[in-house]
């Protein structure tokens, strides 16, 4: 299992007229945690793009249990539970002081610059092999 | 079945450095189609809020098949396939010139101003009864 | 003078917890009108980018007179008042049923792919010469 | 002079197809710094809203000198240079490792829940008097 905990503070821009965070604004938070997870594993996404890789989002989902509010300090936990093969699945949980506000997941595949599926870098494959042995 | 077809033109703001639309920006498009669907059924969401109702998003999901690009003219089809009971489920399909780019769904429940689940307005229940008889 | 009138319907995603449109969300509307203006003049921005040009925003400003609300149908007027030389200045006015809600402006320069200032395409220069003679 | 330095890391969602941050996305960063500045002065905006105040944006402006990129760690400096009377003016500077990327400003006024201009809370007036004596 690979996991990271990212911090996010809710921006006013992320709220809507219901007085809570607009549901679509959780997706960039998932991305913040994903960016941190890849960086901690030694694969900053910015470097991956420079090296010619893209990891587009193939699928995303989220469930909203309790509303997040302006200026809340949130923890976004991102977890890879299974060894990524062709697909990388990441699960997310959003907490405020230990209270679970939302869950989600995303699925990704390594692509080249033209958007065609491609093999992940060898170092990434090796790292995942080690993490999930 | 209740269905509507909303038009959206992709904004530059909605693209990301991959050169395509950022996945999170499909969710506001689903919302555009949802707004139109409710309005066509006689229940403008703005009026519903004035009347004290909220219809928060409980769950959302999307699959991305082909990228949408800046200035693309898209059709977002929103469909209610089953008579809504406690939950309203809406399905979405995003097309560009007949080509399916993405699918998605959202689930909602009628709530009062405080966020507590409540019965939909009687007129809404009657309308759904008629539509799905 | 070159002018266009673009239509925008306010999305729920564009509101904030003050119950009105978040001020930052006017900027994509300015961009919608700008896109339409360039297209009407025969220079779709998407084509300009394909041809190797970029027209980044150098400066932007806005004044907010009255709030825009969810589901409002707005008219965004974009105007080039002076013949663009090195800089292109565009002014914006946002109306709801004839009522002025906001004004703004943006300044742009033609650049190449690397972000270096460059001459506009000859056809653009000719078109502006004709429009402002 | 009242000043704060807020940290922002650029999200992928904030970039556009030009490969840099979309200009409109600097405005939420200004807001992040503004939120921090008010909090440090003892007036968390969330509390101000609870107390019945609103501080809408009357005017905003920004100049973009150098592009910000995905995953950049930025410092957003927010400064109140003059004692706020009816209007509060805040200036912003966005830095990446000491390099100035953008400048901006916003103007605000205290309003009540209905959007009518009102006097700031007495404690705020006292605090500003002290800061700018």
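Order of writing sets the labels: A, B, C and D. Residues in every chain begin at 1.
Everything that follows uses one rule, which is that contacts are C-beta pairs under 8 Å (C-beta built on N, C-alpha and C of every residue); 3 or more make two chains touch, one makes a residue touch a chain.
Computed from a prediction, not measured in an experiment: that's the story for all the values here.
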item: Of A-D and C-D, whichever chain pair has more C-beta contact pairs; value: C-D
item: Centroid comparison with subunit B (C-alpha atoms), farthest chain; value: D
item: Approximate Å spacing (C-alpha centroids) for the pair subunit A, subunit D; value: 28
item: Centroid spacing, where centroids are CA-atom means, of subunit C and subunit D in whole angstrom; value: 24
item: Subunit A residues counted as touching two or more neighbouring chains; value: 12-13, 17-18, 20, 24, 27-28, 31, 70
item: Touching residues (chain side subunit C, partner subunit D) in the complex; value: 17-18, 20, 23-25, 27-28, 31, 49, 54, 56-64, 67, 115
item: Subunit C-facing residues of subunit A, complex; value: 12-13, 15-20, 22, 24, 70
item: Of all residues in subunit B, those that touch subunit C in their complex; value: 9, 11-14, 27-28, 31-32, 35, 44-46, 69-71
